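Each of the next two complexes has chain A plus one more chain, namely chain B in the first and chain C in the second.
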Partner chain A sequence: MTRLVCPEVLIDRLEGRSLCVRVDSPDRIVEAADRARRRSPWTCVICDSAVPLDEINPEETWRGIAIALMAPSIGRFRNLASRLELLRGLGLRVFLPGEGENLAAARLLASVGISVTVTFDGSADWEALADLMTYALIGPVRHAPVEPFETMAACYRSAARGEDWGRAWFDDPSRYLHLDAAGRVALTRRELLDGRFVADGISNLDSDEVKEAVEARNQAWRELFAQDHVCARCASWRICGARFAASAPDGCAAFFDETTQIIERRRRTGPARSWQP
Partner chain B sequence: MANILLTNKCIRECPYCFAGREMAQSEGQDFLSWENAVYLADFLTASGERRVSLLGGEPSLHPEFVDITLYFVARGFDVNVFTSAIMSSARLETLARHVAAAPAERLNFVCNLNDPEQTPTTASEREQVEAFLARLGAWTMPAFNIYRPDFRLEFLFGLVERFGLRKRLRLGITHPIAGAGNAWIRAGEIGAVIERLCSYRHAFEAALIRPSFDCGFPLCRVVDADLGWLTRLGASTNFKCRPAIDITPDMEVYCCFPLSFLDRRSVFEFDSFRQIVEHYRKLQERVRTEIAGIYDECGSCIHRSEATCAGGGVCHIVNRLAAEAPATLKKIADDQACLS
Partner chain C sequence: MATLILKPTEACNAACVYCEVDRKGWRNARIMPAGILERMFVRIDEFLRERPAEHLEIVWHGGEPLLLGPEYFDKARAFQDRHCAATAGRIRHTIQTNLTLLTPAHVAALRRLGMKSVGTSYDPVAGVRLLKKGDDGTAYNRAFLDAVALLEREGFRWGVICVVTRLSLARPLEIFHFLTNLAGDGGLMFNPVNVDKPEHDRLRITPAEFADFLGAIFPQWWAHRDRYGRVEPFRSLIDALLSEDQRTHYCQDGGNCADTHFNLGPGGRWSHCGRSADWGQLDYGTIFERSIAEVFADARREELRRRNEILFGGDCRGCPWWNVCHGGCPLDGFMNTGSFSGRSLWCEARSRLIERYVVPVARLNERICAPTA
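Showing the complex of A and B:
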């Protein structure tokens, strides 16, 4: 079933749908979850926070709610140290922009048992990302999952084109559609922010035009071959799915090649098993 | 236990400093990075190590000292922080506020205290040390480095009582750093130093403070009566000299500060902490094949051959070789460099 990433204001209009409710403040998490839970096979709350993780006070009432907390950074560890037990006990995943100090912060969070996701685009620091990916997949000590690398590993097929790992970012049109407050439908969060919609209202959610747009997106990779795009000739294409083809990035091929090798290695050796608090 | 240097910078210039040469010659990065802190926590965890010491320089000079300290606690380590306790009131306030939430049994500040008369310092520094002890005395174990035979301990008993410090006193005999010119206790002076130390037995007993020996004390210079007293008091006596394993902010590793110029490696060369310890144990053994111990009689001593006593610190032997047989020292370094 396709999940709808929607603002809180649409909950009542999407009864019966599987929802990822987007709120703009941690204060809204509990109420949004309660409302969604009453009306739909609700999935999670996505919270866009303008402040670092250490300035957010997690609450006991968050227990039992799947929360994707998007923060600009983690802030200072000293402010998190006394909250780690609570944070670990919540269904919380922290999303960080995958740049600068956030890459070290992602490793730090995972190492103390907090699930984390880094987001990046074609302009990423691929070498730094490769370090984090290596830690995520074959680090010597067991830690919380670091996405999207776990999803990359799960989606990778050694002998075929893998599945779309963008779902780790809610960015996979076959699984997630994004709605704005007016109910307009976009295939990705980026396209929603850019005003590129495939349907102009909730009433068209199940229309053929949306289905066709999703299918066209799922098959878009074929066009790269027809165009003889550089991504179509890249050995790492099977894992990246040409996700960054539009931005013609430099360095992604080496990153995904290394990721492939690490995934293969992990499949041979298994995950780390050392003790971890 | 691994010693992780959070920084090479220090706020003091103690005449006996073990780390002075290392600090002065350091060209690496100034502060341990978060990437390396997490790497070390993983590396030590995977090696089965559950204790770690954070030091410097002065570790509290690291901009994220509080964070890194709490991180190692959060990772399940028992953490010793070696500090001069000299820090701004703002930094102390931050430290005290966050340390209060940490389990006291898992975090210990080892505060190196100097006799205010024999090792004079500024009034401002004394005030800062006292402010630290007033706020964090319950987390603090006093430490004293003996670098002159006429040392005095009276001021320490006063501080323990006044600030409620932990009742264990870490005692170190200062060692030579080849070429550094630091103040240190000669082998011939150690007997008198231990005798003087044991002359404080009534003060130790009255205050219920247990001495804890750092490395390099030779067993033969402690008379049996004093050994018995130390045992009854519950002192932690140590007559060994094992690799301390110091890890710098840029992830170099060496045996200990005095041997930091011999066979420096990168942590990344090793698969486990045990492998590092074994590597530097071989270095110590190699040095001792040249000279068995700090006294002539060490070569035939049953306690050394039975490993009850190391025969004093290897650093004394290295210091002697550096002065008397530099070619031998170079040969040792070359041999060690061939080990992988």
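Showing the complex of A and C:
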């Protein structure tokens, strides 16, 4: 079932749908979750926080709510130390932009048992990301999942086309559609922010128009072969699916090649055993 | 398993730069009449009844078989139902097509013939695959890519042959990745271009060049072979090198096509295979005169049967790679030497590929089986 990423204001109009309700402040998490749960079979809350994680006060009332907390950074780790037990006990995943100190911070959070997702685009620091990916997939110490690498591993297929790992970022139109406050429908968050919609209202959510747009997007990779795009000839296409083709990135091929090899190694050897002295 | 290379038409809608269709004036060639098609199933039933353990693969070939239209395939199915009621379970249909004419109706008709996969060919090199002489290939590429999308939507698998020409030589890995990325779990086979006209010299490659092209790909394939579907000639090469079993998967290397392959052309003439029919060699008479059993008993097949013995004790004596190719395709041997007992020109490509690339990269030295007659 397609999940709808929508603002709070739409909850009442989307009864019976699986929802990812988007709020812009941690203060809104509990109420949004309560309202959505009364009307929806599956719910999570996506919270866009303008402040670092250390400035957010998690609450006991968040327990049992699936929360994707999007923060610009974690702030100071020492400020988080007293809240770790609570953070670990919540259904919380912290999303961080995958740049600069956030890459080390992501590892830090994972190492203390807090699930984390890093987001990045075609201009990423691929070398630094490769380090984090290696830690995430075969690091020999216990840690919480680090996304999108776990999803990449799950989506990768030997001798076959893999699945879209963009779901780790709510960015997979066959699983997630994005709605603005007016109920207009976009295939991705980026397209919603850019005002590129495939339907102009909730009433068209199930229209053939939307289905065709989703299908066209799912098949859009084929166009790269028609264009003889450099991604179509890339050894790493099998895992990245040309996700960054539009931005003509540099260095992504080596990163995804390394990722593929790490995934294959993990499949051969099984999960890393915890190291202990 | 007997293999019938069926050419119900020699016409083709495409104008690929290396192909012989244009040169032979086949563009408007005829389509096999229904009477011959029906007779074919009568002959097949007769053959399979005589040999209860035998199976038959019908490879729809051409020309371009999709030119026939979906109705033609349905007609074939009806004839099979009518004449092969007791033997149909031992008949398997496959097809080799350029796909550019594929429609949902074709897919449905192929499915009714029991097909679940399709063999095709494609070259991701500009200016090679064309629908019209002189075009830029865009229309062909679009049609092909739309067709593979359709096949996948319909749950068909597909594998692809890539013909290596001089235009391919500069970027073997790019071509390999393009095709394995596109084909997903489908197979990929590289074949060398065969050029016999001076105007096609710009496409011609030498056996050494073909070996080096494959050799540039082999390390990538070997290191990561689990990532790809079946890639040839690598998979069968490795199997043949490491196995005492002399069966190989492709007709040109098995050394046994005398007892497995036959061809039927649009006018109802039997020949040995698609290539012999194209080249006007090994004509075994017509479907009205001769049964399939008689075609397999044709005296000219004796030379093909003796070929292994002649080569093993002659031109190929002492060759450590005998098990891999058995001297190659007899038709290539004929082209190279004027005799069906001659060695193929492409033997040199095989030995160079094996010695320079396969054995050192895969470190096969101690595991290779000795050649056996």
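A few comments on the model shown:
What we mean here is this: the second predicted complex is superposed on the first by the 273 of 277 C-alpha atoms of A that agree within 3 Å, B and C clash if a C-alpha of one lies under 4 Å from a C-alpha of the other, contacts with A are read in each partner's own complex, and residues count from 1 in each chain.
The working rule: contacts are C-beta pairs under 8 Å (C-beta built on N, C-alpha and C of every residue); 3 or more make two chains touch, one makes a residue touch a chain.
Please read all numbers here as calculations on a predicted model, not as lab measurements.
Three-chain overlay on chain A, with chain B and chain C fitting side by side and no clash. Once the two complexes are laid on top of each other via chain A, the angle at chain A between chain B and chain C, using C-alpha centres, comes to 110°, given in steps of 10. Looking at the shared chain after the overlay, A:238 reaches chain C, while chain B stays out of its contact range.
Of the two partners chain B and chain C, more residues of chain A are touched by B.
Look at A:140: by the touch rule set out above, it reaches chain B but stays clear of chain C.
Look at A:264: by the touch rule set out above, it reaches chain C but stays clear of chain B. Once chain A of one complex is fitted onto chain A of the other, the partner contacts of A:161 are limited to chain C, with no touch recorded for chain B. Put simply, the nearest alpha carbons of chain B and chain C end up 26 Å apart when the two models share chain A. No residue of chain A touches both chain B in one complex and chain C in the other. Across the complex, chain C meets chain A through its residues 124, 126, 141-142, 145, 149, 171, 173-175, 177-178, 181-182, 184-185, 220, 224, 226-229.
Taken together, the chain B residues at the contact with chain A in this complex read 33-35, 37-38, 41-43, 45-46, 64, 66-68, 70-71, 73-76, 94, 98, 101-102. The residues of chain A lying in touch with chain B in their complex are 76-78, 81-82, 84, 101, 104-105, 107-108, 111-112, 131, 135, 139-141, 272, 274-277.
In the complex of the two chains, the chain A residues touching chain C come out as 158-161, 219, 222, 225-226, 228, 232-235, 237-238, 260, 264.
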